[in-house]
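Okay, so chain A shows up in both of these, paired with chain B first and chain C after.
Take a look at the complex of A and B:
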């Protein structure tokens, strides 16, 4: 089999493989990622196939002869028609007006401010700690009580959006964009320090910096509805219930 | 250079228009100790304007140019000295000639480094006088030392280069000594400059208002100083190797005779091995630096990896992947120089496959760019299967696997012209295979287990296991390799020059990628300070105190890259002229 055919087959196979999650499991690999994956596949295959001298010539020869060999005239003409048409189609498809909104470039965890004002004072994020965290080891019954109260606060305030299973699938979730964050799994609060989560609860969507945009998130600012103590309890609860640990640094 | 330094030392420490917070407080109670001022609170008037020049852009550009050249000229003497010593040790004069040629290539770059350094200094003093005078009030003594070391370095370089041909025989040792002095001075210069830069990121030796405690060592030995020293040192060596590799490629491609091709092939090979040796430990040094940034300030850390700047890390991932691929490709091409190449060509496709897959993992963003339809289909901002690949443990796993397979390419390359001679060679090879497999299993299991099933505290621990496994593979397999090849017959010398031209473009690609990458990541490092001159202590109140868009930054860095490479090309051309004249 000529190398160039082999090469094309490999790339087509990779493409099909990358399409499987989307076609069969409704979990499409985002186009932005897929195109880069494909690029890597093309480059790696190309390099592997041309590393040896004969490999390189075996690859280039058919292309060169297509253009130089008089007996390949028919094939050449076909290629010379198909390639420009394909290029034109790609250009057209890229420029065609389209009513889909542009991709959402949004940082889920934008950088927090160094300090913010809530509860009538300025709170420094660097020195902010959860008052209940220490009691987890020192006074477990006090800790459990805080978690239980946190649960109550959660189900009175948060579960409409963040879901009864803390999976981000509350009643309102479908209607919101950006969608409410699941607390389960390792992607969200497991990546954050508690001070960050507290800031998010206190200041909500309105408190996000610009990169949290482009429009406001529906996450309410809870500083007016929950006391500082309640806010810490609900933070403690969402960690405890999902089995996540706040991010911390070994000293 | 020295004159300029003296100039800035004499810039008045207080600019009249600056207001000071709590002046009285700092005066009182300090008793006989010299009273240091708090960091000034600057106003818009404290930033001089000069015509239509954008101050930030001017400083940025000058700093970037200076850094590229400085990295190059600091690195070259490091490996020139090593190659010279190899020459002395083996008695092979080719090495001596090669070392000399490397040094010559970098010579013009020294003067340009000094020029760009002066340009940087001028632009800083002109546009940011108050910032500079605050820094001088703390670092003044180190700046004088810097100037002194600069003279030592220039003198040592002069003797080292011009004395190369003269200092032979009994003088050779003295010559090596001069090389050592040159390196000591150069590296110290960099460490001092690093102290200033890291102080601006993680200030130490000052209180919350910026009042200096009077001990320079406290300010120098700040949180990021050592991670930065290590990271920059290793990166410089890799970078310097890549630039001379590009020089060799340039000369290879323009050679007329087979002999010349052979010479430059060998030179390019040596340079690329240096670059690869630097590249392999670099991710670990980078990891240390990042971890230290996080531990100093969560905000800075999230800024670095979680906010808008995270997109630059995605570019970084792609470029580093390209570096690894190019390095491997170069080794595969290099295999063709040996007589036994055909035996190993079959493995190339598997290595390529593993590299491509690791590369995909390494690249995968945690929160990908989603079209609204995709976001709706996924029901959120994360892809449930790909998101875990976006986290650090997955990246560490991928990069360790990439390193191990790059090492495998290197082993195969070495075997392409020699066959083991000892009786137990087969068991030796089996042991190597076992070590490879065990290490890979270990790395993947550690990555998955510690990365996803334990507390975040242990994530750093997992990377230690992974790094240890990788190092173990490299060391153990090299030792075995040496032993089984003891007394091995080489199947003829490598056929230097017998390389496809494509391999040379890989060398050039490595140099270009390195340059671009340094610029981009340098911007990120500096940008995480946000609107601070000195983080959390001295605010930047100039009109430019905002984080530019990623696109703007990428444009500035890309233009810088092109300018730098154009100058480098010019230097290569000069070196080529010099060589002609020598002959």
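Take a look at the complex of A and C:
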């Protein structure tokens, strides 16, 4: 195998190795670190392969022949053109002024407070439970009635943003940033306790802690517009419609 | 142990899944899907009276009445084809950021319901509306004659005659008429420069189909009806469709822009909307969303998008703010009041900036809705009013506003209404002596917008708005950005030459 091919294969193998953590685990190696490792790999392999005089010529030979051998003129001209263009492009990319707006860093599910005030009292999250949850098994008809009322509340107050499909894509959602949260799927309310969801409904965007970016959220604070009972019914509805289960304390 | 419990919990669900297909068939299954997915808007009985209905315009359809607006069967055939029903439920005309009928609340369901479920629900709708199969085939809206310049010219002439009374001379939907649909709802002729709002989707073929079929239940007639004085021949319809498609303004489609990029100029800044200098910069366009967050809310807005351009020189910055509004609301004007159907408030627009923009990305901003107790915003509000057209407001939330002298800050504004579009120019020095937003080259500055359509009863907290976007005063092009790449290219070539070509 020509040395230059061997060299390329080694570098590609190292690159793949470095990429593994990003593909199979959630944490990729940062791009800057990756390029440093790759540089080391290139230098080390080059040194090892050209350490002997014979090795060095074996390495240079194919390149040199490209320029010595008249029958390889076309390939030579292509290399002559492509290398400078690549160099210019790399320099351009490195120097290009960064004109993307600064990223807005915002935690989607920030840690809730231990207690909050709503409906004229202090509510402890740890002891807050959905009054309709027990009826799901004990009194199904009462539970269905609560879900039906929740649906009605949802289609009067929430669907513009969170969507008639509970997909976070209501007809006004496209004009909001951050987007309204979808309730279907497994990464929003399915990960949350009902007390957390109740807190979000009651206190809305303005009730978010600083890391949640309260100044960006269009989520209204519903404590002014819905009664406590109505808020629980709509929470019960969004779980029932999507088939999601609230996360429970026992874990 | 947990595993066993989980399996026990899942078991009834599995059982249900197994039984479900057996017990469901045709319209029964359709009814179940309908009650779960559609009743919130169209009502349990299908009459269009779901809990959401009173917040929507256009209203959810009364599906028992058998009137369909987006069908492809001819004007004298009231029944939609099976494909029409399927398509409107599945959602085929996705606009930017929307899967269903453009600019309505009717979603597309193909991501939620299977093909079979959509067919079942369509079968249920046929039962609900007492629909028969159509006796006439759907019209064909493909392979029309090509839209030559001459055809578009003919189309333009016919448009003035047949369409302008409702759609306005330039097609912005600003006809001088108050229109109602058969169900008593207020309808607005479509703004034909915004094909992204079309229910049938944009393009010549879709417009041709709409003109040929008409829009049942509304005042938009079919132009293929030989009994109508306004009838157009097939060729004429294609010509008008060609013209209507040619006035589309795709450059002003909202949905992708996030930054208003102000261009640097060395000359004087344009101070009127008509100034030719504006042509050199590009629009940034944003969706306008009604204020449905707090206080007095607006549910059925009449404005849907806003487009902005900005330029600056070493002293001042100027903004051109454009938005289509079908009505120039002139308070106390008889004609304006007739179109509005009541009192008319002045039309208005506002720009909002944080008084102190954050130094880095994750620093706290004031609330986009008029600031909050911790963060102050500056609001520049222009109104279509003779007295006090321009107001400069410092706000820390909607209940904490203080007005300030706009002249002292050097702020000026002037607006012009023309054929269904407002164009307002704001101008201010980059730097002022007062503590308020200062414009610095190269920096990303948060900016937000609000607008009021006075003929739609919008005033105070009833208005449309945007969240925070960015404004950037683009530094003049940096030549060194090109010098170094060229140098690198030359060096690489020289190295190749010296090392390889000239090698002994």
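By our rule, the second predicted complex is superposed on the first by the 147 of 251 C-alpha atoms of A that agree within 3 Å, B and C clash if a C-alpha of one lies under 4 Å from a C-alpha of the other, contacts with A are read in each partner's own complex, and residues count from 1 in each chain.
By definition in this document, a contact is a pair of C-beta atoms (placed from the backbone, for glycine too) under 8 Å apart; a residue touches a chain by one contact, two chains touch by 3 or more.
Because the structure is predicted, anything quoted here is derived from the model rather than measured.
Look at A:89: by the touch rule set out above, it reaches chain C but stays clear of chain B. Once chain A of one complex is fitted onto chain A of the other, the partner contacts of A:195 are limited to chain B, with no touch recorded for chain C. In the superposition on chain A, A:227 makes contact with neither chain B nor chain C.
When both complexes are overlaid on chain A, the residue A:48 reaches chain B alone and has no touch with chain C.
Common to the chain B-facing and chain C-facing surfaces of chain A are residues 101, 103-105, 169, 177.
Across the complex, chain A meets chain C through its residues 63-64, 66-67, 79-80, 83-92, 95-97, 99, 101-105, 151-156, 159-161, 163-165, 167, 169-177, 206, 210, 214-216, 218, 220-221, 224, 241.
Chain B meets chain A in the complex at residues 294-295, 297-299, 302-303, 306-308, 310, 318, 321-322, 325, 328-329, 332-333, 335-336, 341, 345, 348-349, 351-353, 355-356, 359-360, 363-375, 377-388, 391, 452, 455-457, 460-461, 500, 502, 536.
For chain A in complex with chain B, the residues that touch the partner chain are 21-22, 26-33, 36-37, 40-41, 43-45, 47-48, 50-53, 56, 100-101, 103-114, 125-126, 168-169, 177-179, 182, 186-187, 190-191, 193, 195-196, 211, 245-250.
Chain C contributes residues 36-37, 40-41, 50-52, 55, 96-99, 104-105, 107, 109, 111-112, 254-255, 258-259, 286-290, 292-294, 299, 360-362, 364-369, 372, 375, 444, 466-468, 470, 472, 474-475, 478, 480-482, 484-493, 496, 500-501, 503 to its touches with chain A in the complex.
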